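Same chain, two partners: subunit A is paired with subunit B first, then with subunit C.
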Partner chain A sequence: MKETIKRSYWSSGWDRFRKNPMGMAGAVIVVSLYLIALFAPVIAPGDPVDHGDLPSMRHLPPGGSHLLGTDKFGRDVLTRLLYGSRISLVIGFIAVAISVLIGTIVGAVAGYAGGIVDSVIMRIVDALMAIPRLFLLLTCIALFSRSIWLIIFLLGATSWMATVRLVRAQLLTIKEQDFVVAAEALGAGKRRIILKHLIPNTLTVIIISATLRIGGIILAEAALSFLGLGVPPPTPSWGQMVFEGREVLLGAWWVSTFPGLAIIITVIGYNLLGDGLRDAFDPVQFS
Partner chain B sequence: MDKLLKVENLTTEFLTSEGLARAVDRFSFDIGHGETVGLVGESGCGKSVTALSIMRLVSDPPGRISGGSIFLEGKDLLSLTEKEMRKIRGNEIAIVFQEPLSSLNPVFTCGEQIREAIALHQKMGRKQSREKAVEMLRLVKIPDPGNRYFSYPHQMSGGMRQRVMIAMALSCQPKLLIADEPSTALDVSVQSQIMELLSDLRDAMSMSILLITHDLSVVAQMAERVIIMYAGTAVEEASVKEIFSDPGHPYTEGLLASIPRLNARVERLSVIPGNVPDPLNLPSGCRFSDRCPKREERCFAKEPPMFVAGKGHFVRCWLSEGQER
Partner chain C sequence: MTRFVAERLLQSVILVLIVLTITFFLMHLSPGDPMSRYDDPNISPETVRLIREQLGLDKPVPEQYMRWMASFLRGDFGVSLRFNRPVSSLLAEAIPNTLRLTIAALTLYIVIGVILGLLSAVRRYSLFDRLSTIAALFVYSIPSFWLALMLILLFSLKFEILPSSHMQSMGVSGMGWLARFSDRIAHLVLPAFVLGVASAAGMARYMRGSMLDVLREDYIRTARAKGLSERSVFLKHAFRNAAIPIVTIIGLSLPFLLGGAVIIEKIFSWPGMGALMVDSIFARDYPVVLAVNFVVTVMVILGNLAADIGYALLDPRIASGRKAGK
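The block that comes next holds the complex of A and B.
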């Protein structure tokens, strides 16, 4: 048996993470994106919804006072891009938080209870996974309204099933470990065991998977916006900007290209970060 | 005097794909107040299942306590509700497991886990229970307990972790401590320290211990009475002195012969041939008959009852035939 490892799980994981250039690149990208979103009003050269003199300012090419050009309403693309990061990041973050919360609770109950409860929950999850997500989103948005909160909620509420499977699979192995029996032997009840002993031990896996999933959620929001059913204009969102530029793709390529690049960079950033976190913190990866 | 724990005809079964396996089969024993009883047997003879049965922690399914009764100071544990049982666990009966690393939650500090054990049964504030936890660490002789409170399990050595487990188990002053091979996973020098600690604490806290082990020398060091378990039930019960001086059951003799001795020169240690029988497929008659060097015709015909072989000395063997218990 190896003698006392001096550092804690978190600090040794951080050391592994720091040595991984890809993971660090992801972390840098994600952190910068959040900084941009936070300080958008400070760094943006103009106002995202303010349009200039039409038609003279329509579709100005990149350069000069409009670094990334203007769109068909004469709005500054760079400004809208910076402000758009807010929407994408907020949607990604909150939607994943919702999905992780639901998924963890349902998965923990299924995994710990086992037996018939587990079977019923997992069959429901299987059934929900079979529903085409985009179709459901489109229907709901068409039925209700195009508000940003509805979109966030729907994205979260349709993506928790994968977390259920993950958390349940984790719990099945963890609940067999001695410390769970030891906690029961001390008189701990079911709820306490789930909250204090089981879920904390699945936390790393949950965080890693959540990070990897944010990219997918951002893509889903972009897809919705591209279909014209995303965040209502004039609020800038990257997907919507791509959508608006599609008609003039050959003439004014900058209107679609830059937000498209922003989406790609964000998704890559989150995926690199998630991969890095997994390599550094997932016990299966380093043991 | 009334016994602290009285187990009568305990039967615990497990449903396996090949049928119902009786891990514990009509096993009876008792433990007095302040007494240390050693429960000795090979791997797979049902020692640990007995411990889990007393705590009512046999996982169901596939396991099930299918018969018998367990009395703690006259209270029938098997008739309690799960909620009532939770108040017994950790509070009146506590258990220390064999593997100290996996028995601690890796994501919380040791001190925090002891604090939780205290808070489960005693109403006290956070600060107070934290002080009590530090005090428990000091009690189990962990150096620098104030700082060690913040250590994670993986930052401690095996012996230290087992001390933490003992601190957790004893934090509510249980009347009975079940020590399930508490020193098996540790190296020899640490083993004796842990056993010494346990016997010191037993005397200080006047509790009873059910010491589960496969090591007769550990029993000799600590226990007053020994129960030899084989294939799910007791085959011999006697005081420690008598087990060593006058073993009655051929299985006990075999166990004693397999202990290495310093004063005798032998080429090979003696072993008992064969393995503990499969609980799905017990031999007919005496359960030790297929491995017994002294078996006779009648051993295959009928299972012997416990015979009285002396004061407080009982043997389940036809060779000791006499008055039944």
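The block that comes next holds the complex of A and C.
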């Protein structure tokens, strides 16, 4: 009985999703990007960090053997772009996972515990949300040393607050429902109730909101890299590639332009996918 | 109403205190002793001990916390390690510049957003409406630094019609006030546009939804039934009511605008708090970093408070409805 309900929920959601051209477009973009990141060494025409023969290779315009031109070190822009997808996607994925994990745990505790614990947690969340994200991120980066893993961790650790609100709100509604009350009556412990009953029932909403958040996190990473506070060079990251083209905008517009377009396509992909998933699976939307 | 304002005020004060506490923790979590810059063979241990005492670093942590909190609330943020000047004087220079940029962006995005939103609502499901939905999605996904560079490439480098950096031209002081004024405006156009454009997209979507909601109300039907022109129904009846929630949106957009200002100020060499923040990070000037972070957050909290109160003034149901509900 339970199985059929579950299956029909997922399959009817999947049917709704398939009929949404925007959502499908987002899914295609995101899947393609992961394939590109995975097979970058196979499809890339060159090496991402290898310097070409300077100065003859410097700032070659797009076309010929360098489809998107070369940068000031004579490196192939297309190659770096393809490899750069790895950084953006890994960062987006892991940082969001961290943020969802923290947010879900804190939100579950607040929503389930209620009372003074809930009030204290929610006030801290309010305060953290009042600090503009980039400033919070920059303050943390300033205080601790920089490395790619720290950046990923900080991107996640500074963006979990929205998840707390979401999970808490979901829990408050679910908590009152019969199956939870029944579990409590049967003597299930708090931990068991949170882990076995409350979290699985909020999972859909969490996943949807996480997908919608990835775009923002990728943009934040790009902004950090652009400021020179993100992933350290020479690892190709899109934001940093845009920065490198800054001084030669007029002479070599392609150095900045193409990585920017790559960021836009990626973020649009995630946003379309997230919107599509929400329209298809969010119970509030179609009830 | 007074009660509502008092409650919100108290909440804001608590919020500021929590932010202060978080800042204090961040400072203590960070590696390195604040005294490490006195690690110098020419300074005697006795002097170091005296400085330590003077800074209150020999006191227990709770007492340090209280003292530090009191000085922060008084606006005493310590001394910048880089400039050897009080942080408050650096802030006094940077804050007005950031405000000028943010307010320009705010004005710009409200005007653009409201107009686009209204047009979308009037012509719902038209080509214009569809295009602006797609445009909004696109604008949301553009990194602001990239957009800034592209506009600089186009308007400053290719066509040379707008300046690409700083708040005013060199040698502007010799000109008349009109020339000076238009010079300042010209310098403001690109940064304010880039900073505001994403919010404009959000505002347009919001305005459209709000307008469509209001148009379903009974009093709109009544207004139409009275034989009023569509124009008057739209602007006098629907728009006035649909515009009230905008106040909240403005409050919510503040962290976004101030955060965006970091990048914009850096690109356009705009001497505001964002640029100060980034430069201080590179210089490891912690007192400045923490102070900027705190001041920006207080600005956001104050902005939200003002928005809430403004909303309650425009729509009295909020303050009284809350009392009745609780």
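Following the convention adopted for this analysis, the second predicted complex is superposed on the first by the 274 of 287 C-alpha atoms of A that agree within 3 Å, B and C clash if a C-alpha of one lies under 4 Å from a C-alpha of the other, contacts with A are read in each partner's own complex, and residues count from 1 in each chain.
In this section, a contact is a pair of C-beta atoms (placed from the backbone, for glycine too) under 8 Å apart; a residue touches a chain by one contact, two chains touch by 3 or more.
Owing to the predicted nature of the structure, the values given are computational and were not obtained by experimental measurement.
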item	value
First, second, both or neither for A:182, with subunit B first and subunit C second	first
Most subunit A residues touched (candidates subunit B, subunit C)	C
First (subunit B), second (subunit C), both or neither touched by A:250	second
First, second, both or neither for A:197, with subunit B first and subunit C second	first
Partner chain in contact with A:144 - subunit B first, subunit C second, else both or neither	second
Which of subunit B and subunit C A:127 touches, first, second, both or neither	second
Touching partner for A:118 - first (subunit B), second (subunit C), both, neither	neither
Touching residues on subunit B, where the partner in the complex is subunit A	52, 55, 57, 61, 86-91, 94-95, 97, 99, 102-108, 116-117, 120-121, 152, 154-158, 165, 168-169
Residues of subunit A that touch subunit C when the two form their complex	123-124, 126-136, 138-145, 215, 219, 222-223, 226-229, 239, 242-243, 245-246, 249-250, 253, 256-257, 259-260, 263-264, 267-268, 271-272
Contact set on subunit A toward subunit B in their complex	1, 3-6, 8-9, 115, 177-179, 181-189, 192, 196-197, 200-201, 203
Sites on subunit C touched by subunit A in the complex	14-15, 18-19, 22, 26-27, 29-31, 137-138, 140-147, 149-150, 152-153, 157-158, 254-256, 258-260, 262-263, 266, 277-278, 280-282, 284, 286, 289-290, 292-293, 296-297, 300-301, 304
